[in-house]
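Below you'll find the structures, each written out as structure tokens.
Two complexes are shown next, each including chain A; its partner changes from chain B in the first to chain C in the second.
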Partner chain A sequence: MRGRRPTPFGVLASAALVGVVLALALPLVAILTDTAPARLWASLRSDASLTALGLSFLGSGIAVLVVVVVGTPAAYVLATTRFPGRTLLGALLELPLVLPPAVAGIGLLAAFGPQGVVGGALDDAGVRLPLTFAAVVVALVFVAGPFHLRQAQSAFGALDPAVLDAARLSGAGEGAVFLRVAVPLAAPGLGAGATLTFARAIGEFGATLMFAGSLAGVTRTASLEVYTRFATDFPGALALSAVLVVISALLLLLARFLTARGEVDARA
Partner chain B sequence: MQAAASLTGALTACTKDYAPAKVRLSFAGSDELAAQIRQGAGGDLFAAANATLPQQLAAEGKVGRPEAFAGNELVLAVPAKGAKVADLDALASDEGARLAVGAPSVPVGSYTRKALGRLPEKQRSAILARVRTEEPDVKSVLAKLQQGVVDAAFVYRTDVQATKGAVRAVALPAAIQPKVSYEAAVVTGSKHADAARALLADLRTGACGQALRSAGFLAPGAAG
Partner chain C sequence: MLDAHLRVRRGDRLFAADLRVGAGEIVLVVGPSGSGKTSVLRSLAGLLRPEEGTIRCGDEEWFARNGRVDVRPRDRAVGFVAQELALFPHLSAWRTVAFAIGGEGGRAERRAEALDWLARLGLADHADARPGELSGGQRQRVALARALARRSSALLLDEPFSALDAEAHAAAARVVRDVVSERRIPAVVVSHDAGDAVRLAARVSAMADGRLGAVEPAPS
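Right, the complex of A and B next:
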């Protein structure tokens, strides 16, 4: 058992924790305390807020669906096979996590803009992606997808290879091993990844503005609506911010809970 | 100094060698800067792309008396090569045309709506139906045009001039042209109020005033 007297390091570390909590929580708490409940309700009932929140949820939902369907098998391959350049590829796929939003926006325009690599061909075919709702989804997939890829890789990586081999020995094909064994076992980690992707997508701003623009009812998501209102309706922006803080907090709690479950399962 | 996005080029150039003081510049949409000043995140001098915002802030006691220091002209900007629309009529009649404007809260957006409001109802609603994005400041509006994402955009003549030929300005009919007047004011409680006042005078008549004029800005009070 440790001594009752606090060590100098213990005191310093606790002070550091208090500092961290104050620095991170203060702006968030301020958003919530500065918003009168009546004001919050009124703002939430306004059409512009509801439309923007609806667009955020719809766009993020579609993005998560795409990321889960395509990203989960991709993460499985990355986690369970060895090939040259695997580490490099893994790092490349995580790059959008740390890129400045403006760089992400430029990248999307360079690829899918009318003069872009793919966008030029699309344009010739009569499809113009930028400034559409589809562009919002593409931006969200690009920026938020790596959260799921990363979490899914570590969930698959934590599986006992012997369990997968046992399934193969009993005659299961690779597809069945993935769908029937690996995915159910990694489910909490995959759920956490999808939840983090959703949370990041709800908060996306910069790449969306640059690539999809900002038009009410089409591309103006909740975070863009906050930015639009910031100048003219600060209380309204504050109220919508409060909603986003609460939604994000709930999503992060869910992701934490799922990650913890995954760790318990892995140990069992 | 917090300045409207449309002033970026001219002010960056003239304040670099501004002898009396070291000027730090922050550019954004005038409405966003005004909101920052309201929230107490003000600098020393606020230079807006309209008269309304500085006058509102002055009425709230957040800035001193605003003074006009430049004028500008709202234009329809189109690509210099291969433009899809040639003028307002083409914009109104081409259903596939894509248009970028400023958000209503930012000066360029409010001037745009003011100009369109003077058009016949049918033409106005046709043009508004072409809007694909409402951008937070004039530089973002122009960026959407330069990336080829839209076919036309409402911006200031000086923004078009700054593209060095990539973008062409189509003048609006004089009857609908709004009066674009830039006003600046010293932020209340500034620790450098004297320096800010000197810089404001320089914007009107000094080296910065000349830089603004050579960037295509009109003299303060000039119509157009």
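Right, the complex of A and C next:
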């Protein structure tokens, strides 16, 4: 029996895939291969790198916490209730995903800056946000939050409404339906959303730079540290970039794994 | 006493029901599939909103004045089995039943009570199994146990025995009968099996031409 020959379309599509992989992977591989292990280690042990990585992890961690605590119930409402303007609101909440970082930064300054919409009131209350670590967190929440909102909405939207009704009919109030049924069932999707948010927050650059500045030890996160070094210490910038590539890759892998688990659970 | 007069719309079809079920009485709703039995039952539970009508249970008004009174499903306190079962995929059988027991009492007491319900329905050996690990008939009995365990003012069961073999069917029907007479509550059971009238000592009400009414006396 003759084996099946690949179709012309199959060959073309496979070639396209190879092209995609090369285009995406080349810069990443270059970062990793250009970094000598010794150089990497030395660069990482520098105080500036460690401080910047620490700020990135702390800021992203706090941002994810805020996004999960506030965003999860918000996504539940969006996914499980019908109200006028729901589609519009959903699109609005995803806007930060596609905004140019500079626009996001300007928006944050216009809102929370000294002359901003609420910045003035904050100023009167003695709170100055720009150029502080809190500003870093605000920028991360704004830019990365939509990742969780989006993922959580689709996780809650995939739940069987009959199961939520069964919980109500079993005597559960709306809070218990959310906490004891919806959240556990959506957990893989929520985990994937939180992971993507964390990954995006670790990589955040533009809005943070404009809104929080780049103060060493205060607001200079790892990605800002890469940018600061790239003019004066290219190998150092490369080494820190390599670390960010590895961290991001691991986070995306985790998000993929969680999403796949969610789909398996939903089919069960 | 459950007393319902309602009209409910599903798409372009309109179903009407006149139903009176006494305390401690079971009414078996029969009729061809697609005749609206499930829609009527879901209206009684508060999952579907009737276009018009009244629903009363005991002293309570559940639905009246074209929806100006419309008690939430949770507050109607009914024991409900949905045809699709809608078990909690993340909870074991005993936790599922304990979920419906809720209320006061510690975890140990709730667990003991849940295990008791599972044992009554022949599921003593499956208390720790999740729905994914159970057969269709076992899942159906977990759903029934969850409905019966709820402190309820009425039972509304949609095809609760359809996946059971003859022996389990007879045993489950006996448990339903016992619960209804112990608690002196009304029960509405939707079934395609006319034999359930005898198993449950139920009056039969037929759904035909989109209309539920014409109650026949219980078979002797």
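Operating definition for what follows: the second predicted complex is superposed on the first by the 265 of 268 C-alpha atoms of A that agree within 3 Å, B and C clash if a C-alpha of one lies under 4 Å from a C-alpha of the other, contacts with A are read in each partner's own complex, and residues count from 1 in each chain.
One rule holds in what follows: a contact is a pair of C-beta atoms (placed from the backbone, for glycine too) under 8 Å apart; a residue touches a chain by one contact, two chains touch by 3 or more.
Keep in mind that this is a model prediction, so the values were computed, not measured.
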Touched partner set for A:263, first chain B, second chain C, both or neither
neither
Open item on the list: For A:94 in the superposed arrangement: first (chain B), second (chain C), both or neither?
Closed with: neither
Which superposed partner A:173 touches (first chain B, second chain C, both, neither) = second
- When the two structures are overlaid on chain A, which partner does A:162 contact: first (chain B), second (chain C), both, or neither? second
Check: chain A residues flagged as touching chain B and also chain C none
The residues of chain A that touch chain C in their complex are 160, 162-163, 165-173, 180-181, 184-185, 265, 268
Per the touch rule, the chain A residues reaching chain B in their complex are 109, 113-115, 128, 130-131, 209-210, 213-216, 219-220, 227-228, 230-232, 234
The residues of chain B that touch chain A in their complex are 29, 31-32, 34-35, 38-39, 98, 100, 103, 105-106, 131-136, 140, 143-144, 147-150
Within their complex, chain C touches chain A through residues 45, 47, 72-74, 77-78, 80, 82, 84, 86-90, 99-100, 102-103, 132, 146, 150-151
